[in-house]
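Heads up, the next two complexes both have chain A, just with different partners, chain B and then chain C.
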Partner chain A sequence: MPQFLEHSGTSWQGQNVKHTPSLIDRLDPRLRVVLVSVFAVVTVLSQSFMSLSMAAAMGLLLALLAQLNIKRTLRRVLAMDMFMIFLIILLPFTTPGETWFEVAGLSASKAGFLHALMILLKAHAVVLALLAMVGTLSATTLGHALARLRVPDKLVHLMLFTVRYLEVIGQEYKRMRRAMQARAFVLRTNRHTWRAIGYLVGMLLVHSLERSERIMAAMKCRGYQGKFYLFDDMTFTRQDVTFSLLFVPCLGLLIGMNFL
Partner chain B sequence: MNEQATLIQVTALSYRYPRRGVVLDDVDFALEVGERVALTGPNGAGKTTLLHLLVGLKKPKAGEVWAFGSTRKTEKEFIEVRARAGFLFQDPDDQLFCPTVLEDVAFGPLNLGKSRAEALQIAEDTLASLGMAGFEQRITHQLSGGEKRMITLACVLAMEPDVLLLDEPSNALDTKARQRLIDTLLKLPQAMIIISHDQDLVSQLATRELCLEDGKLCEPVSDTYLPPNLKSA
Partner chain C sequence: MHIVDGALSVPVLVTGAVLTIAGVAMGLKKMDYDHLPQVGVLSAAFFIASYIHLPIGFSSVHLILNGLIGLALGWAAFPALLVALFLQAVFFGFGGFVVLGVNTLNIALPAVMMYYLCRHGVSSSSANVAAIWGAIGGAGAIVMTTLMVALSLMLSGEAFALAAKATFIAHIPVMIIEGFVTAAAVLLIRQVKPEFLGIDEERAYG
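Let's turn to the complex of A and B:
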């Protein structure tokens, strides 16, 4: 897997990604999660180009405010674009409507093109806002923020444990993979390869399951009875109020532009 | 036997695995205050199983576990045992599951009903007493093997246990980290059961040595347990 796809929007302290603290980092994580969720919903539901352009501009502004690393952000946005590119190319040809131009006998409609453009704007606005507001949180903080926002405990624990053990499982995978290579295993397109990779994946599942059982036992030994305690105090400060006072009217404007 | 000084006692304990067969067969054992018992034996002999039975992570097929003044049978009764018998797992990664060291060390005290402030204080004090001050905000999965071992020990000690159950504590540690662990353990007042294949660690720490073989606990045959030339290795 290419390096830049190995981790997505989240960066946590363990990843050693450079990040200069910014205005956004001083905001309450809960507020960031809530605002960006509302922003995403409003953007996705918007139908006018005016409000979508404004949403994209807001996304860009948030990204600038958060002082995101330009190169890394571009890579991530590109990763998303790769995912959407076929949709964008195909939409003009599959949407019925007034013919705009023709390629090899296929007619592209203007409506389809506009639709594709809308999706593009929506996606970029939301991704930029997410990268700026949530991507700059450590995964742990995000988990705690979600817990304090009354997201079900089970989901939060699932996320926190995934963050903690992804690396351990990844290392286990690499260890087994290296052991295979050490015995002259090369990926080929044949049954032997498929079977070996099948064993590898199966073994990884078994190891993960066994490890989860050992972790559970270790937690029980330390008196775990199904309850987690969160440490960080999240406080709603003056800055949060100011930011909300600026952000919420913008959201209102976004919604309003749809009805012009 | 002086009942006052006995911390944990098992009588006629048996355990078998569906496929591995019998690993513990009618085992009797008692741990007294101040003892450091080394438990040796071949791989797969059931040493870890015995420790798991002591804290109720597995249920015995026959026999009884008596710990800290009463017989323990149900999961509920074992919760107190687990609080008073600190279990150090073989693989530190199984034990360290919180993102930061401080949260991990405070996890035990919080479960024991301490307030957040108290738990944090205990965690910091425990880390300091093990010479691990300054590690509070470190990310657990980025620690070295030796550091992970000391942090897991701190996690266990933060619960102020009366007994320590150590499952191959010196596993995969380098000479320096290993000696540091041994020195730390020597200073602790707790009674211990130590599973180890590390003969040097056993001779430095143990006050009594037991060998688990073919489901039975036995005293190793005096000092000729290992030939002298192997012992120095």
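Let's turn to the complex of A and C:
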């Protein structure tokens, strides 16, 4: 995969990624999570091209509404495409059916091509909606919204911890890599590289573990009893009602189109 | 190793989701609140480590390290990996949303299997034996994950059979590299922080 397509987790910017405030930001986070989940399930289960085209259009519309950073979004969508491109290209040739066209003696079937197109539409519709509705939330808000939606406490806490320490550990990793580079370490395809990287990973884990012990001690000292308190109260406002009144009929239409 | 939304059939999606929920429930039950920071920080560490790209020929592969995750976390690998995959899906658009269950199962179940298979091996008093079991854990987890990804594709339609086979073949180098990397990581952790792998210092060096 070319370097520019990789969204490297080591440069995870956590909450620092800026996005322009938009209409979507004014909606209740809980509503955004619920609507996007329903939308994703409906889209993945849809079988007709009409409803899938509409789903893709809705995904695009949500992305526009959320004023997603075009470059960043394009990079992510392209990265996803690179991931599935192999599957998509193979599909017309491996699906039995009447020959549609031939490439180098291999016959491609129309059924396979349509199937591939369907997967493409579904994946893009879902990813755009997801990035627009949930990807624009801060991870903390998302955690709180999930907690309010009755996702188990421990799981939400775990997510909040992971998000909090992604950046810290990312820095730690970069620091160690810089130290290796300073000692003229270059990644190659040999056992020396793999051993060095293994040691790096091991050391990263040991450092992380020791850090977690210090975190635990500091939290205990401040009276941690296995519970986080959720201060923000999320309210369902008129804007949410309006948005739902627009969105839910669209979902109904998506479902309905499958039965035409 | 992620599968995108839309490719898999409904029975596969449902099975994956149900089994993942069971695995996560099991993991949460075994993990008390005192272990939360530990699992969270390790989950973050693995998230970062899985973005290390190693060159191989003209291309590069990234580490998955689910064997090591399993050895470090046991059943808690399920919730840890679910969180990591969820964050990737939501904030990076990487992997799918509805397939989250299948993706988590494909990566976390091998991790737990390697935990039970190699736990005793890596705490052996001989460093060589421990390294070999570490390699088995690292490579074995990738073998299992690849097989499960291939199986999820094949169960979703015969047309995916070729893609499934190609996935397996394409991942053979990853298996080898993960074996070496995990073995080295196990060796280092044994030296530096043996209790991490559940090793009694006295037993190992006494």
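The rule is short, and it goes like this: the second predicted complex is superposed on the first by the 243 of 260 C-alpha atoms of A that agree within 3 Å, B and C clash if a C-alpha of one lies under 4 Å from a C-alpha of the other, contacts with A are read in each partner's own complex, and residues count from 1 in each chain.
Just so it is clear, contacts are C-beta pairs under 8 Å (C-beta built on N, C-alpha and C of every residue); 3 or more make two chains touch, one makes a residue touch a chain.
Owing to the predicted nature of the structure, the values given are computational and were not obtained by experimental measurement.
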Now for A:161: first (chain B), second (chain C), both, or neither, which partner does it touch? both
So in the superposed three-chain picture, is A:215 touching just chain B, just chain C, both, or none of them (first/second/both/neither)? both
Pick one for A:175: touches chain B only (first), chain C only (second), both, or neither. neither
If you stack the two complexes on chain A, which partner ends up touching A:229: first (chain B), second (chain C), both, or neither? first
Mind working out whether A:90 is in touch with chain B, chain C, both or neither, as first, second, both or neither? second
Chain A residues touched by each partner, larger count belonging to chain B or chain C: C
In the superposed arrangement, does A:26 touch chain B (first), chain C (second), both or neither? neither
Classify the contacts of A:140 with the two partner chains as first (chain B alone), second (chain C alone), both, or neither. first
Pick out the shared contact residues on chain A: the ones touching chain B in one complex and chain C in the other. 12, 160-161, 163-165, 168, 211, 215, 219, 225, 227
Okay, in this complex, where on chain A does chain B touch? 12-14, 138, 140, 160-161, 163-165, 167-168, 211, 214-215, 217-225, 227, 229, 231
Which residues of chain A touch chain C in the complex? 1, 6-10, 12, 36-37, 40-41, 43-45, 73, 76-77, 79-80, 83-84, 86-87, 90-91, 93-96, 112, 115, 118-123, 126-127, 130-131, 134-135, 139, 142, 152, 154-155, 157-166, 168-170, 173, 187-189, 191, 193-206, 208-213, 215-216, 219, 225-227
Sites on chain B touched by chain A in the complex: 52, 55, 57, 79, 82-83, 86-87, 89, 91, 93-95, 97-100, 102-103, 106-108, 110-112, 116, 119-120, 139-142, 155-156, 159
Give every residue of chain C touching chain A within the complex, in rising order. 2, 4-7, 10, 13, 24, 28, 31-34, 36-45, 47-57, 60, 63, 65, 68, 72, 79-80, 82-84, 86-94, 96-98, 153, 157-163, 166, 177, 180-189, 192-193, 196
